[in-house]
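The following pair of complexes shares a single chain, subunit A, combined with subunit B in the former and subunit C in the latter.
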Partner chain A sequence: MTSLLSVRDLRTAFNGQTVLDGVDFDLHPGKTLGLVGESGSGKSVTALSVMGLLDRNGKVLPGSSIKLEGQELAGLSERGLREVRGKRMAMIFQEPMSSLNPVYTVGDQVAETVRKHLGLSRRASRERAVELLRMVGISAPERRVTEYPHQLSGGMRQRVMIAIAISADPALLIADEPTTALDVTIQGQILALLKELQERLNMAILMITHDLGVVSQIADDVAVMYAGQIIERTEAQRLVGNPAHPYSRGLLASVPRLGMDRNVPLPSIPGSVPSPADWPAGCRFADRCEFATPQCREKPPLLIERWPGHEVACDHPLVDGVPTPEPAREVVS
Partner chain B sequence: MTVTEPGAPTTGVPSSAPLLKARGASVEFTVRGRRGKTVVPAVQDIDLDIAPGETLGLVGESGCGKSTLGRALVRLADLTRGTLEFQGTQIGELKGKPLRDLRRDLQLVFQDPMSSLNPRMKVRELIGEAPLVHGLATKDSLDDLVATALERVGMPRSAADRYPHQFSGGQRQRIGIARALALEPKFIVADEPVSALDVSVQSQVVNLLVELQRDLGLTYLFVAHDLAVVDYVSDRVAVMYLGRIVEIGTDEDIRERPRHPYTKALLAAAPEIGRTEAAAPLAGDVPSVVNPPSGCPFRTRCPIAEPQCAESRPELRVVDGHQVACHLV
Partner chain C sequence: MMRYTLTRIGSVIPTVLGAATVAFLLLRLIPGDPARISAGPTATPEQVEHLRVQLGLDRPWWEQYLDFMKNLFTGSLGTSTRSGNSVAAEIGTRLPFTIQLAFWAMLIAIVVGCALGIVGALYRGRAIDFIFSAVSVIGVSAPVFWIGLMMIVLFSVKLGWFPASGAATPASVVLPAVALSLFAIGFISRQTRSAMIDALSMDAVRTARAKGMSGVNVIGKQALRNALVPVITVVGLQFGQMLGGSILTESVFGWPGIGQLLVNSINNRDYPVVQGVVFVVAVLLILVNLATDLLYSAIDPRVRHGN
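So, the complex of A and B:
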């Protein structure tokens, strides 16, 4: 299957400080890739690098490749990016309020995007805006178009953002923690909506979240990030059932589940995520890893396909929770 | 059969005398806007007994009144109506010195350790300030007190000489907990204490809170939106909706035998690792507390509502061994 989005050796720096250090992944048309990892691991910077929306002090470094539908986006001019952004790829954020303009009505903002991307007339874009709002499950959209963002609930605002994002029928939607700020019952509505739209529009979704439950529910594949790199990548169900990287395993074990016994301490990972300035030389997880060997601290492990469709960046990948003793440099089957 | 006073919860309450007792507790905020005054009934008619050494979990959607109730229980928000008793003494009306003395026993741990810790104060001052004011330490004994407080939360003594921004989120939360514990309180409201933390660190802090409770005999009100965390730490769980408790029971009651449609929806909505199919989500938005629906506050989103639900508000009553406020269970 050919990739819709193919990211290779993506490296991004802010003011000379590298924060993404060789990110690799593929996303196939119409599929969902969950990008998970803890705060500061580089999820949002990955998304913003793909979208070409980094702050001024941020740079995608030479040698990085970001291909969307075969077109190289790394190094593309702002003008070239504008042809792609909003049309072939779009993004929604955790806090929709910060991306909506408080002084324009919801209808104006959706219609404006439609006009910009599709070149429709004022009237036609107005009609299309109503249609889009209906598609994202906003009731009485004819009336809602006249409302301002502050008059809407958080869930409704996220629906409006989704309407704007899908207005030009993009092939790729990047969703950066789209439900993190919402209540759990509203989160369910938004996830269901994204799934429905994906099927209808055959749109691929890069779903950024720190919630492994959300990933389980909506992702086909998962990429786990740690300290600026992808450390494991495979099918979602395989990852949650059979994590091979000790960090993925630790992360999964740390998630509390209903019915756990309070007399047994919750599993946790000692220490905390190192910031980019403190990344260790070898494996970046070594200081927190119960299976670390001296070798782990010397040489950074590469992301290698250990099993068909299952890549891990660990020299002692876990099989049923047990680490492989010798550095397995070849593919095991 | 035990005799209970009117209004006293009849089940799920441990038999010892409550540490904290609320009756009809209500908190209203008056907001002045362009169109005059609006009354926000954030917390309404709460009857609650919290036993010494127990953890009561509190869950519910954003804006349903969890923080306000927590603040009211530690006297950081004033009751508009109702009464509050701590160790058998009425504390709802306390002011001045008696109220300041009471603060030693009642402490709050916040969600965001960064915004609750003064960035210009070193950890020594942050932890030592209140004990000095309350006369629990002198300038000379302060270092020891701070060191003990830090060690109790798994931090090195040397942390005392650093500023909050020099620590990770999890470490800052430990400092926030050390600070609350320095006064040797009896009751702690932990308001979303782990919500801002990464999962791998979240469990470290949850384990610490559980361990401290065991060692120090603390009583907690634990507020969180993650039902699994609440279920893990709590002896009992209260579910709030639009300022009211709609269901309360033991952690097992709520987890295994939820009866209120809202509690059921909350349980079904929480994404679970390994579950690929999502339950049908609840439709609609949360109504505003300022204009709550008539009758049952949940009826506008309730999948089983009947006409009677719009007519009168269901009171908490015992169903299946715990309390539920719903006409149809």
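So, the complex of A and C:
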């Protein structure tokens, strides 16, 4: 299967400080890839690098490759990116409160995208905006188009953002923690909406989240990120059942599940993600890993396909929760 | 929108009445006998008494106050003790000059100030940003009488491009308007720069870029409109500053506006005129404030929806 989005050795730096250190992943048409990891692991920077939306002090380093439908985006000019953004790839953000412009009506903000990418007239794009709002489940869209963002709830605003994102029928939607700022009930509705739109529009989704519960609900594949790298990558169901990286297992253990004893506190991974300036030489997770050996701290592990369709960057990947003895570098090709 | 506008306009009435009261009280609260001072050092007691009756100062203060307010409603501001003309007429001949001067100065200040601020924000940290910041510091700190004199020396005495003084030709307004605008240019450009930097870092601006909007749209439509709200505040405040500044500017350039009238009437102790000018200037400020608030609500829907 040819991939829609193919990211290879993506390295991004802010003011000369590398924060993404060789990110690789593929996303296939119409599929969902969950990108998970704790705060500060580099998920948003990955998304913004793909979109070409980094702050002015951020740079995608030479040698990185970001291919969308075969077109290289790394190093593309702002003008070139503008033709792709909003049209072939779109993005929604974590903060629906501030992502819309407070001084324009939501109708304007949807219609403006339609006009830009589909070249419709003012009137036709207005009508299309109403249709799009209806598609994302906003009731009485004829009235809503004349309202301003502050008149809508958080969930509504995120729906408007989704309407904007799908307005030019993009092949890729990047969703950066789209439900984190919303109530739990609304979260479920938004995820269901994304799933429904994905099927209708055959759109691939890069779903960024630190919630593995979300991933198991919506994603086909998962990439786990840690300290600027992908450290495990496989099918969502397989990861949830058989995490091979101790970090992935730690993330899973911290997700509440039905039937758990509420009086027992959820286990959490001790410590926090090292900041880019403090990345250790060996395995970046070693300091927080209960299975770390002295060798782990010396040599960085490579992301290797250890089982068909299951890659992991750990020299002692877990099998049924037990680390394999060293050295376990047999490679399935 | 309509309701907000009407309530805001309605709130002007008590403010204007308050301004009239203050203008009335101002002259009665300063120490000394107005009739005595007004009549001048050489006046005889009879002349002083005559003036006192003419000014109505022999009557109880509340009667004077009611009279003053009653006259206001008929458009009368009293009579000048110096010229014998009605104060309204005196102000009427001068006010258009001041408004003309303030209008051009404000226009220059808004256009130049916003342009400097926007360019500074877009190129922040680069050489052009530092140059523009320096210009704004000079504009804010150079006193208008000094700048004014320098401009007269250079542009009228040396180069002969513009008249040095008076309001005889249309070109006469250029030098005073530019001199008066400098302070506001400095202020407005600083505010525009920082408001624009804030606006450019808004999530909504990132959304616009994610939508694939052009640079012109992102800067001119998405960011600028959000940056305008704080800029308008400063413009409104600068207008008040400008009316004050125009007193100095009018003196330097011999511009026959309300500022000169005020200075002359203070020198001549022409109480009714001073009182009238204070009132008219206060009303101008109130109207500018009103315009500022209505502009806000036109630009930012959150204001007119009351949150």
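Everything below uses one rule, namely that the second predicted complex is superposed on the first by the 322 of 333 C-alpha atoms of A that agree within 3 Å, B and C clash if a C-alpha of one lies under 4 Å from a C-alpha of the other, contacts with A are read in each partner's own complex, and residues count from 1 in each chain.
Basically, a residue touches a chain if its C-beta (ideal position, glycine included) is under 8 Å from a C-beta of that chain, and two chains touch if they have at least 3 such contacts.
Because the structure is a prediction, the values reported are computed rather than measured.
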Fit or clash between subunit C and subunit B when superposed on subunit A: fit
First (subunit B), second (subunit C), both or neither touched by A:241: first
Following superposition on chain A: angle at subunit A, subunit B versus subunit C, Cα, nearest 10°: 70
Partner chain in contact with A:148 - subunit B first, subunit C second, else both or neither: second
Subunit A residues touched - subunit C or subunit B, whichever exceeds: B
Touching partner for A:82 - first (subunit B), second (subunit C), both, neither: second
Partner chain(s) touched by A:51 [first = subunit B, second = subunit C, both, neither]: second
Touching partner for A:304 - first (subunit B), second (subunit C), both, neither: neither
Partner chain in contact with A:38 - subunit B first, subunit C second, else both or neither: first
Partner chain in contact with A:250 - subunit B first, subunit C second, else both or neither: first
Minimal inter-chain CA distance - subunit C and subunit B, angstrom: 5
Overlap of the subunit B and subunit C footprints on subunit A, listed as residue numbers: none
Touching residues on subunit B, where the partner in the complex is subunit A: 61-62, 168-171, 198-204, 206-207, 210-211, 225-229, 231-233, 255, 265-267, 269-283, 285-286, 301
Complex contacts: residues of subunit C adjacent to subunit A: 202-204, 206-215, 217, 222, 225-226, 299-302, 305, 307
Interface residues, subunit A side, partner subunit C - complex: 51, 53, 78, 82-87, 90-91, 93, 95, 98-104, 112-113, 116-117, 148, 150-151, 161, 164
Residues of subunit A that touch subunit B when the two form their complex: 38-39, 153-156, 183-189, 191-192, 210-214, 216-217, 237, 240-241, 250-252, 254-260, 262, 265-270, 272-273
